[in-house]
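Across the two complexes that follow, subunit A remains constant while its partner is subunit B and subsequently subunit C.
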Partner chain A sequence: MEKILSKDRLREWVDALDDCEVLAPAFADSVWNYARVEAETVIDLSHTNTINPPKQFAFPQREVFFRFERADGVPRLTPTLPDPRPTVVIGVRPCDGRGMPRNDTVFSKEFKDPYYWARRERLVLVGLACNQPHSPNCVCQSVGGAPHAEEGLDVLMTDLGDRFHVKGITAKGGELIARGGDAFASLQAGDPAEVARVHAAASSHPQRPVAELGTVAEAIRARFDSPLWEEMARHCIGCGICTYLCPTCHCFDINDEVTNPNHGTGERVRTWDNCQFPDFTMHTSGHNPRGDLGSRLRQRVAHKFLYFVENHGTQQCTGCGRCISECPVGIDIVAVVDRVSRA
Partner chain B sequence: MVNVDALRGYAADLLEKGQVRAVIGYRRGTAGVLAQPCTIDEAGEAETLVWDPTCLNNLARYLVEDRQQQAAAQTRNKTPDGRPVAIVAKGCDSRAVAVLLQENYLKREDVVIIGVSCEGSGVIDPRKLAARPEGRWASRVDFAGADAFKVTVGGDETLIPARDLLADRCLECRAAAPALNDVLFGEVVTERGLDEPFRAVKAAQGATEDARWATWEHHFDRCLRCFACRAVCPMCYCPECVVDSTTFVNTPGTTAEEKATRIRWCERSASVSESALYHLTRAIHLAGRCIDCGECERVCPVNIPLRLLNTKLEMEAFEQFQYEAGRDFGQASLLSSFRDEDPNSFIR
Partner chain C sequence: MTDNSYLPQIGRIADIQEETRGARAIKTFQVEFPDSEGFEHDCGQCAMLSIFGRGESMISIASSPLVKEYKQFSIMRMGRVTSAFHDARVGDFIGVRGPYGNRFPLADWKGRDLVFVGGGVGLAPMWGALQTAVAQGEDYGKISLFYGARTAGDIMYKADLERLQGAVEVQLSVDAPEAGWQGYTGFVPANLMDKAPSSANAIAITCGPPIMIKFVIQNLKALGFADEQIYTTIENKMKCGIGKCGRCNVGKDYVCTTGPVYSWAELKDLPQEY
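And now, the complex of A and B:
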């Protein structure tokens, strides 16, 4: 399904989704981030990529698995499977769209994670193609994507100046467009050519190449014990920016958070975790198999470009550029992959 | 002006003569406009050193890393190379080194401080640069006197008033040249007149208590607990932090009972209460120690105004005790000293 949506009628479409939680990028505190669309919100889709990717809407940083308490000496568990309203995220950039099916794979291949899927099944991603890259660190095309890639998105919008071209990609996406009713118009004769022109122009911007993508996995395997990793990680400060902001990093920790020890009351909670923190691999014995910064950098890069390829047949990096732009010390996954490939 | 070639030559000479085992400095990054930290072990690599307004990191952080590695080598019964390490230091980096010396974390003879002047201006705030048209595509930023930066985008060079790009910490900086140094490149500029010290925190504390709490709830709510603020801070050098899940390292001798009954001061959940605990604990642990390099605020991906927390405490230290962290490594530290004339009106 393909339609045209005049920009001044976007709000009409959003208003028709009144049973849904609708989120859109908003510029607050000097960063773009997703925020709930309220009655008075003016939706501004001139955003660069949001600082947080949309993975949080299926995989929140904190998920309660169940609550526990002790009543008359008997432990009691209360399940807390999430039951969210349908959630529509508007303005998802195509790199982040491609991140979602990768997360879906992780949370379903061997074991279908009920918490993830309770949210994911009610999540609708409305993408917005990029008419130009947002920074020199956008590398979507170098990892097999495109500024107008459809993978993972339910709807793809393309900015045509005063109007959006809106394409339903999945059945869910088609239904969402149908709910906009009259807000949408049919395509005019010149529109398909115009969309093709905008997409081609966006793709023509040069991007930094990610080595020879096909040979990267092999190169990483061959250089597993190389001193390069330690050298490249020499100034890494071991924070969690690269993983927490990544649209496809999905590691987690599970803890019991006790609120009242006398009554044995509390919650079992899943929170994001992070391969760059030293305690991530700390054994109860005190031994840490990834005790240095080099092995942790290698882990992250190898997960994106080797292990994920081995396990699931594709790279896990979708080229959003966040880990590059936000790294406090300039560690650059494109340069890292490049050096390992050419070593 | 700092003569960068002279700086490189000085670093190369130190390495050539074997007077230091490494030089910690800045080099061009591979992505974007910012310089990145580097450690030079061979004289030949000194060519890669740079000094410009994109040299944001507080390099004293790497002296801490270095000391930890030296200590680790010692526990492995290796005799570490005992020669000093040299560090390229702007005003705030040198103040951080002074605090590390004052706290006996480092010994004066273990570090050679290569001071660089901030040319009467300071370093840029990358968010201010990114907010300008084409700012994200800048390939270079250079000093252009005290009042301007020269920004290069593609082939075009533009002069931008320094005030529009300077990091907030630099606007409020009281000592934009490294007072503590073994050699200084560039001139000491004392007159700056950009912004009064503590301006931002003074403005923020004008709000009512309710309004301030609402503001900080809003900020703590979006904290990801990526701990970049702590990781980048040269003063956050505790080997174990109370907020970590494995607080206090397990050894083969730690019993199961000990592990099970260990107090967790801070839950892993990035909720307002836990993040407030983290940030307030950190701020208190930095009282009289934070030298306002602003790195914690700079690296925060969600832009939480962390400087306000630390500068609030530094303002109290200054106004009540005339104490400035990093001013003089010979002074007694704020929390370990007492003078008869110290105000005590807050003791109730």
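And now, the complex of A and C:
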């Protein structure tokens, strides 16, 4: 399904989704981030990319698995599976869209994660193609994506100046467009050519190459024990921002949080965790299989460009560039991969 | 089992045996499931045990799958959760989810000699396989166990080891000379070389401290065991047990789902991230 949506009628479409939680980018505190669309919100889709990717809407930073309490000496568990309203996220950039099917894979495999999927099944991603790169660190095309990639999105919008071209990618996306009714118009004769022109122009912007993508996995495997890793990681301060902001990093911790020690009540909680922390892999004995900075940088890069390829046939990096742009000490995954590939 | 992999079943501690004493004492727990079905498991698999309010730990299931009444776990006092287990009493309730991980391919080993080589608490992950092989003794050739601990007081499953003599050739060792000690004095790999079990038509299973495993494998190879005849289990820090939380990987493998059991033929090509 392909439609045209005049920019001044975007709000009309959003208003028709009154049973949904609708989120759109908003500029606050010097960054774009997703915020709930309220009655008075003026939706502004001139954003670069949001500081957080949309993974949080299926995989929140903190998630209670169940509450526990003691009743007559016996533990009683109350699962807290989420039951969210349908959630529509507008303005998702295609790099982040491509992140979601990768997360879907992780949270499926042999064991389907019920908490992730309770949210994910009610999540609709409305993408917005990038007409130009937002930063020198945008490398979507270098990792097999595109500024107008559809993978992972339910709807892809393309900015045509005073109007959006809106394409339903999935059945869920088609239904969402249908709910906009008269807000949408049919395509005019010149529209398909105009969309193609905009997409081609966006794709023509040069991007930093991620080495020879097809040979990166082999290069990492071959240089697994290279001193390069420690050298490239030497200035890492282990803050973990690279993974927290990554659209595909999914590692987590599970802990018990006690609310009332006298009554044995509390919650078992999942929180985001981070492969850049020494604690992440340290055994209780103190032994740590990834005890130095180099092995932890290697883990992050190898997970994206080697292990995920071995296990699932595709890179786990979708080229959003956040881990490069936001690293306080300038560690650059593209440069790391490049150096390992050339070593 | 429910579809919610994170929701434990409630287990009840039916029995506690004090195996060894000291700062890193070992206790063995028998856990029953009074209000749920429990679960079936295979030799080598693990379960995520928890004490509510303290947290979860992945522990290998030490009982044989042939034992249906309870699951057995031997736990060394190490950190927050394992210490909470050591403070627990018979009748206390715990959380149990699982089973997780792969298995020892016992069925493939029928007709062969089995050489178990363990050190310290490393006897526990092999114990279910050893018990099963003994119970189905007619299916296997000679079963031997080389087991060592730092001192005689650190030997676990003492009564069981005495009971097994005969069905199993038990070769015990302690690290240093000790008054009254009748077994071998020295490290486990040395005891193995001293007795030199035949590698012909045999499978070796080893579990224990990493340094012991390293030398046991060296010695097994010197005794003629091929990489495919040597099995071990590895452990890493785990949180989810279902291949998602991201920390227990050795290269591309999550130990919680692909492991913990590996043949040396498989393991030698993986990075040493364990």
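A few remarks follow.
We take it that the second predicted complex is superposed on the first by the 343 of 343 C-alpha atoms of A that agree within 3 Å, B and C clash if a C-alpha of one lies under 4 Å from a C-alpha of the other, contacts with A are read in each partner's own complex, and residues count from 1 in each chain.
Quick note on the criterion: a contact is a pair of C-beta atoms (placed from the backbone, for glycine too) under 8 Å apart; a residue touches a chain by one contact, two chains touch by 3 or more.
All figures in this text were calculated on a predicted structure; none of them were measured in a lab.
Judged by the touch definition given at the top, the superposed model places A:C239 against subunit B, while subunit C stays out of reach.
By the touch criterion defined above, A:N255 lies against subunit B and subunit C together after alignment on the C-alpha atoms of chain A.
When the two structures are aligned on the shared chain, A:G181 is found in touch with neither subunit B nor subunit C. Of the two partner chains placed by superposition, only subunit C is touched by A:L77; subunit B is not. In the superposition on chain A, no contact is made by A:P192 with either subunit B or subunit C. Looking at the shared chain after the overlay, A:P209 reaches neither subunit B nor subunit C. Looking at the shared chain after the overlay, A:V334 reaches subunit B, while subunit C stays out of its contact range.
Shared-chain residue A:M282: touches subunit B and subunit C both. In the superposition on chain A, contact of A:E110 is made with subunit C only, not with subunit B. Touched by subunit B in one complex and by subunit C in the other are residues 253, 255, 273, 282-285 of subunit A.
If you check the complex, the residues on subunit C that touch subunit A are 3-8, 10, 50, 52-56, 78-79, 82, 93, 95, 210, 235-237, 239-240, 242-252, 257, 271-274. Residues 65-66, 68, 73-75, 77, 79, 81, 106-107, 109-115, 224, 250-256, 258, 261, 264, 266, 268, 270, 273, 275, 280-285, 287, 289-290, 295, 299, 302-303, 306-307, 310-311 of subunit A are the ones that touch subunit C when the two sit in their complex. Those residues of subunit A that touch subunit B in the shared complex are 29-31, 33, 48, 51-52, 61-62, 134-137, 208, 234-235, 237-241, 244-245, 253, 255, 257, 269, 271-274, 277, 279, 282-286, 324-326, 328-330, 332, 334-335.
Taken in their complex, subunit B has these residues touching subunit A: 29-32, 34-39, 57, 61-62, 127, 131, 136-137, 219, 222, 224-228, 230-232, 244-246, 249-252, 254, 259, 267-271, 295, 298-299, 301-304.
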